[in-house]
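Pasting the structures here.
There are two complexes below, and they share subunit A, which is joined by subunit B in the first and by subunit C in the second.
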Partner chain A sequence: MSGARAARPAHAAWILAGLALVLVLAKPLLPAGLVRPPDWLVLPFAGWINAVFDFLRDDLGLIHVTRAFAGAVEAALDTTANLLYGRSRWPHLGPIPWVVVAATMAMAGYALRGWRLAALTGGTFVWIAVMGQWKWAMETLSVIAVATPVAVALGLALGIMGWRWPRFERLLNPVLNLAQSLPHFAYMIPVVVFVGVGPKSGAIVTIIFSVPPMIRMTMLGLRRVAPEIIEAGQMAGANRWQVMTRVRLPAARTEILIGVNQVIMQSLAMVVLASFIGMPGLGQKLLQLLQALKIGLSFEIGITIVLLAVALDRLSKAWALHQPAHAEAGAGRIARHRLLLVWLGLVLAGFLLARAVPYFHVVERSQALSIAGPIDAVMDMLLGVVRPLTDGLRWFLITRVLIPLRDAILWLPFVGVLLALAALGWRIGGARSALVCLGFILPIALSGWWDRAMITVYTVGTAVALALLIGLPLGIWAAGRETRAKAVLLACDTFQTFPSFIYLIPVVMLFGVNDVAVVAAVVVFAAVPLVRYTVEGLRNVPPETVEAAEMSGATRRQLLWSVRLPLALPTLMVGLNQSVMFALFMVIIAAFIGTQDLGQEMQRALSATDVGKGLVLGLAVAFMGLMVDHLLMRWSAARRAVLQG
Partner chain B sequence: MTQRDAVIDCRNVWKVFGPRPDQMPALLARNPSAEELRAAGCVAAVRDVSLTIPRGEMLVVMGLSGSGKSTLVRCMSRLLDISAGQVAVEGQDIGTLTETQLIELRRRRMGMVFQSFGLLPHRNVLENVAFPLEMRGQPRAARIARAREMLELVGLTGREAHFPRELSGGQQQRVGIARSLAIEPAIWFLDEPFSALDPLIRREMQDEFLRLKGTLDKTIVFITHDFDEALRLADRIAIMKDGAVEQCDTPDRIVMAPATPYVAKFTAQIDRARVVRLAALAVPAAGGVHGAALPGEAVLHDMARAILADPRPQIPVAAADGSLLGLLDRQAATDLILGDRP
Partner chain C sequence: MKHTALLLASAAALSVTASLAQAADSPDPIVIPTHNWSSQIVMSHIVGRMFEELGDSVEYVSSDSQTVYESIRLGDVALEVEVWEGAFGAAFNAALAKGGLHDAATHEAVTREDWWYPLWTKEACPGLPDWKALNDCAATFATAETGDKGRFLGGPVDWLKHDAEKVDALGMNFTVVNAGSAAALWAELAAAEKSKTPIVLFNWTPNFAEAVWPGEFVEFPKWEEGCDKDPAVGPIPDKVYDCGNPANGYLKIAAWDGMKEKWPAAYAALAKVTFTNAQIAEMAKLVDVDGMEPEDAAEAWMESNETVWKPWLQ
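Now for the complex of A and B:
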């Protein structure tokens, strides 16, 4: 930083920071109103929100609209439920034999990518059936099968509108930013208020939660179509509708299908969590088993969810990246539709097999395999070995790290924290960023949830710090060699497709149900993006720069510390940003295994269906995330600008 | 040439890219200089262009890249709305056409080949070529038959089922050409249509092109930055610089009588003997003339042997119908043939 323009903000930042320090040091002398927001300053946001919701629901009659929508969703859900697991509803055809579903998924995998994907997708469904989890998995999938198309259609429509009218996009963007940083539970409460609990509200909350990425990808894709393709359409005499449906949308196919992929993954993450609002299926089973500490059984369900996540992700990505290719010249009709014919044959064979052998239609619970026993045995053995270690770790973390940190952070006077954040904002992005920081943090102070929010901050802060300690070295190590980097990136990709809920299984196994388990889950979850962006940042350092440094005689260590890491820093910050976001999400989800932060209150709001409280808490979490996002992104952009000269 | 004959008529056309398109007319009314425009954050891609293209003419537009060639033809087809001026196509101001009329005009009369092809990535070659016919609402069988015919014309038979990404650049460009020809446009815009072709095919396509031009009554605007290509094809050449047309004239006048120093510099490397026709050099004869006459339509280069071998200081030049055009000064012709600058 140089020049008069940069010097002034820095100056102001130091003054603010100094003030903050004085306030903190002088805490014992401060009047109570500066330590915690005084009662008269706490605004009844929750009451206001509830009033608005009551007005919307009852006076404006929005409840009728949502009921009608919920009715339509329910009808669709009944259909998929009948087909997939034989719920006795229209069209009374189901359940489709599991061999047919498995064969269909395998064929889809084969058609889109090849044998390996076919083995993954087919194998996943065979596993589900054989392990006797068919009904649960189909309960989950029947919701995804309804929610995904609705979310895709909604996202496409809103994305097209955003692309068409820049003014609408300007409105949409902040809403999307907020929506994508609201924790899952914040979505659930309003839906419960409007729709109630059960599968249909599970489906609706899933739709709402998974729409934002679709909107973004649609806008991105439409914008990216080369202008000459559009002009070619116009010169061919296409009218607006034809240009949109026959030229622009098909040309944006890849981005739109990536959007579909994201919708599916978001749906899966949400549908598992929707067990909290009475959504049956894999999520609910997992929740029950985890709460009962049935490790082996919950492990089995965990495997299913992971397999499903990976299979759906790979399948939809393969679809997105699948490029049309011409059939061999002279190939006949049969050859061209070979895959379709094979699939039809398999389906027919599947139905016949199911008719002949009931096992291939539905696997009864009594016929199901289980590996819970051996897993429990292995786990007991393993725990016998690591228990002393984890116990020690747990004791150390709780008494030496977590509790002192928590006490320290709760001890801070809130005005000091506000000023310190303003100083940080000013240092990074000038007066505007300082105001943005205050704009995000002040409402939290005024909401009356300051202490809870600080506990969330401390949990997330500790977890992200630990994640950095793990993720950075791992990333640096992985980036050292190309093959290693590829393997680690693939692993990160795979881990990121897992619904967050899954991460709780191993930590509960190792640490039981307590603070440390929460922190551990958050650490693992938050370390993934850190590793990923560290590897990518280091790999993308221009080779000429590295060679130039090598030629000037830098050692490997010098190369890392003075060339590659500084150049990778902006990318790393993007990773850190994602890591904080993930941590915030996770900490809220982990609430049900025992925390005292915003998440716990959110669970309470959920069981009391208190929309106002739930949304205030959700917004508090979102605001923290958005503030960190603003600071890190500003910093990263400024740094990039400096590096690129 | 009468107004009715002008197929495309540009009058003081401006196209300025800038942050506030709605304020352009007011800005341009003051006839701003390039500096003023740049200060306002604008780029004048086409500045004050007036051109008239008569029916059946082939106009070649040349200029360095960024000189506004592509933008100019986009103004002529109203792919871009112009900032000031007027473009009339077949006597009708296209700025005033409604959307339906414009679509109708494009479906019936216009074709365009794009610099970077603009093929639809999700359709195979055949469907790409058939696309304009589909927009016209032609029945499927008819449009497929027509598309096959066009593909044969550009030598892509056998690739009907391929997708654009499976083709080389040259092949993609030929698909673009076939597509633009499918509706038999009366007005044809070609934006560097042969730039991705290798020299041999390029030559072939040029020949094919000249044949088409001879048989069909097309009005063509052709962009290239290959001067040889321009000379082979053009009736007239327009040379653009920074959005303005520096000169628009027949090839020999562009070479022999450059209107601006820029045009002179632009054409400096050309072998004039290959461009200049004898007719352009003939001075009207004062008295009688005897002996065999040379054809006025031929370029100097092709007649070089005859001129150098001719003992007469003044050689008669005749038009195609046998009428005398004038006398050719042998010394001047020799200088041109040998590449000496006058």
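Now for the complex of A and C:
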């Protein structure tokens, strides 16, 4: 029985694949309607979405709701803006001197972990100040300081609702999947329509972007709470509200705080992109500097963003792992609040110092240090060394690889592609997966953006393939020794948080405005998760298994190819999946180099604030990502089951 | 007689309200939008400082250069100091038609946006700036992806330039490749400079690039009104876009309609503001070449050019 079952899907998959092959080979004979979707089949999705949005905004008056919400956000932003960088708004107290902020961050690091974290967090803020970036960084943080708490509260509320009502969760999950694979620009257009541009729109788009992981972590945390703990709470006479606030949420503390950590990281990832719709600060300045081709100075800002991300990441993770301390009964008040008193003393000293020496209040730009000169020199030198090598490479890639590949993909009849994907789906996950694949890919064909979508597929496909060629060996090499692994993982963190816009410039200088530059920029980003998960996957292979293989006389080569890699394969697949996701995000940003794919149209939609078009394009990208996700995860799950079974 | 008295009285009343209004600029901050290129930021700060001299309070917000006209119309921001005919004419006119903002002043500076090359290109193609000479050396600009055709590096597609139509209309042996951002244009230009590779790309003036890379615009058949709509206009009888872009586009200042009543003194000064190409290039240079912050550049420019802006406050 089971044998017959296993054989049938494979059969169907081969039949579908064969059909696809026939269609492709017979392309010259096919009617035009099978090569590209005929006009009558192309549905005006964008028009429908715009009609819905117009109805929501004008007839339903949703705009008043969003504007009111935006007003509240703006009031909060005014307060943080005054405190952090002295914008003339209520409460007219700021700006807080930088020494005070730096001392506060260092104290937070010390209290949560110890000296090393204190040096990192305090040092980050000292770097920002002495590099003369204080005002920009505070403009950024004044938005993040408002967006993060709102995102956390919203995520907590939705997460609790999702945990409470399974039906709501069933609704929520696909929305979250979609939201997490939608390119950033697609969110931004509706925000511009409903809220306008400016810091408040920056805050709102950051909230929307950072809330999904919070919802997921809240649901996960609440589900993991042991029933005994709840029972204990109920026995102590707690009512439902008390059980939630005093028992369930504190018990899910670690997961929830990891959610908070994710919210902060997502907010920082949004810093540069949100400045397209008016978020002030580091992102704005970065784009302005890149516009004038000031690579060194924009690198400085990139370093600041990485430092901020690392410092806030470590700080919030330390908070997640930090168990609340309970002072011994009978300890004196002073002993109990020692750290608080030290902090108050430091704050007071900081204020006095700032009053005495203006440098410690605000570092003027003219007093700032800069490492832009050396960075520019190093960059110049690197470009000078590498450029002669890239000329040949560029010619080869363009004429021998990229253009033929692109022409081939554009040549394929769309029905052939649909059938081939269905066949792939069937092979991996049976009829259901075949339908899922069709469900994702068919709307793209019907949207009328087929050619552009295929160019995106070609760019992402090439980039991920190249990233595999680079990332896999690098990951295997790094996993060989613990110190190497640590160094490479740190490099991965840095590359991932470094603002992607800065990569675009050197890449253009090396390759010029063409597909090689686009693919190169995407490769940098797509290789990061591949390296990371290869290292993690290989490191987590059980040592007993490796030992057993060694004892039975396996050579190092056999060990790698026959034992460690197969065991790490499911994790590698997660890496590949992430790599495709990253590539899809980056290919949209690479539109700023110059592409002819969905990203270029997305850029047009953003500058024309065309909500419908932006969302259709965004969904097309998201559907591609979700399809790959479905296939890889199905395959990985099946594989894992085999390994464990 | 009665008539004259009435006229006189109303004239007196008018002058009284006018002088009263002169003194009574609203204490609310005048919000000035800034964009992502330096001359605009510096100029915004110069105008802002002038308002501060008059006793007004000023605030700057960063915003997108296309959507800003919608914000001016609604009074969210008060003015825009650089309205480029080529780049923002469409957005400005659309907002003008909807009402809420108006054309407050025109700079002496003229703007031009067209095909452009850095001077080293001329060595490889000595007939420049004539477009026919450019077309004759199309092969010099050929790259791997354009085959034997020359490559023209255009601006982002959302700038809505009609380079491909121009190539088609004039029968040029060129392919248009669109860069995705101004930064990509400069990056490629900077790279070309290192090896003195010939390059022809989209550029505009006034712009910081003039100070960094000396160069010239390609001379196409002269722009005539209607060249973009009427095939009969221009040298090729059956094609549109058979001409260059206007060589003397306007650069205007737009203001919110309510600004005149709310800040009359500031508005009166704004209406007198006019900068020349050289002055605007100087502002951009202070930031992009000398590396000053826009705020400091505004201050430095005002210090050395008091004779220019002081009279506008009178």
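Assume the second predicted complex is superposed on the first by the 594 of 645 C-alpha atoms of A that agree within 3 Å, B and C clash if a C-alpha of one lies under 4 Å from a C-alpha of the other, contacts with A are read in each partner's own complex, and residues count from 1 in each chain.
Just so it is clear, a residue touches a chain if its C-beta (ideal position, glycine included) is under 8 Å from a C-beta of that chain, and two chains touch if they have at least 3 such contacts.
This structure is a prediction, so every number in the text was calculated from the model and none was measured.
Colleague: Between subunit C and subunit B, which one touches more residues of subunit A when both complexes sit on the common chain A?
Modeller: It is C that touches the greater number of subunit A residues.
Colleague: Let me test your reading of the model: by the given contact rule, A:Pro250 touches which partner, first (subunit B), second (subunit C), both or neither?
Modeller: first
Colleague: Contacts for A:Ala226 in the overlay, against subunit B (first) and subunit C (second): which applies, first, second, both or neither?
Modeller: A:Ala226 contacts subunit B only, not subunit C.
Colleague: Going by the contact rule set out at the top, does A:Gln600 touch subunit B (first), subunit C (second), both, or neither?
Modeller: In the superposition, A:Gln600 contacts subunit C only.
Colleague: Touch check for A:Ile403: first (subunit B), second (subunit C), both, or neither?
Modeller: Touch partner of A:Ile403: subunit C, not subunit B.
Colleague: Taking the superposition as given, does A:Met235 touch the first partner, subunit B, the second, subunit C, both, or neither?
Modeller: first
Colleague: Quick one: classify A:Ala521 as touching subunit B (first), subunit C (second), both or neither.
Modeller: neither
Colleague: May I ask you to decide whether A:Arg387 touches subunit B, subunit C, both, or neither, giving the answer as first, second, both or neither?
Modeller: After superposing on A, A:Arg387 lies in contact with subunit C but is clear of subunit B.
Colleague: A:Ile208 in the overlay: touching subunit B, subunit C, both, or neither? Say first, second, both or neither.
Modeller: neither
Colleague: Across the complex, what residues on subunit B touch subunit A?
Modeller: 74, 77, 79, 99-100, 103-104, 106-107, 110-112, 114-124, 131-132, 135-136, 158, 161-163, 165-166, 176, 179-180
Colleague: Looking at the complex, which residues from subunit C come into contact with subunit A?
Modeller: Those in contact with subunit A are residues 29, 36-38, 41, 57, 59, 61-64, 66-67, 71, 76, 143-145, 153, 156-158, 177-184, 186-188, 190-191, 194-195, 208, 287-288, 291, 293, 296.
Colleague: Using the touch definition up top, name the residues of subunit A that touch subunit B in the complex.
Modeller: Residues 226, 228-229, 231-240, 242, 246-247, 250-251, 253, 323-327, 329 of subunit A touch subunit B in their complex.
Colleague: Can you check the complex and tell me which residues of subunit A touch subunit C?
Modeller: Touching subunit C: residues 87-88, 192, 196-199, 275-278, 280, 284, 287-288, 290-294, 365-366, 383-384, 387, 394-395, 398-399, 403, 504-506, 508-510, 512-515, 590-595, 600, 603-604, 607-609 of subunit A.
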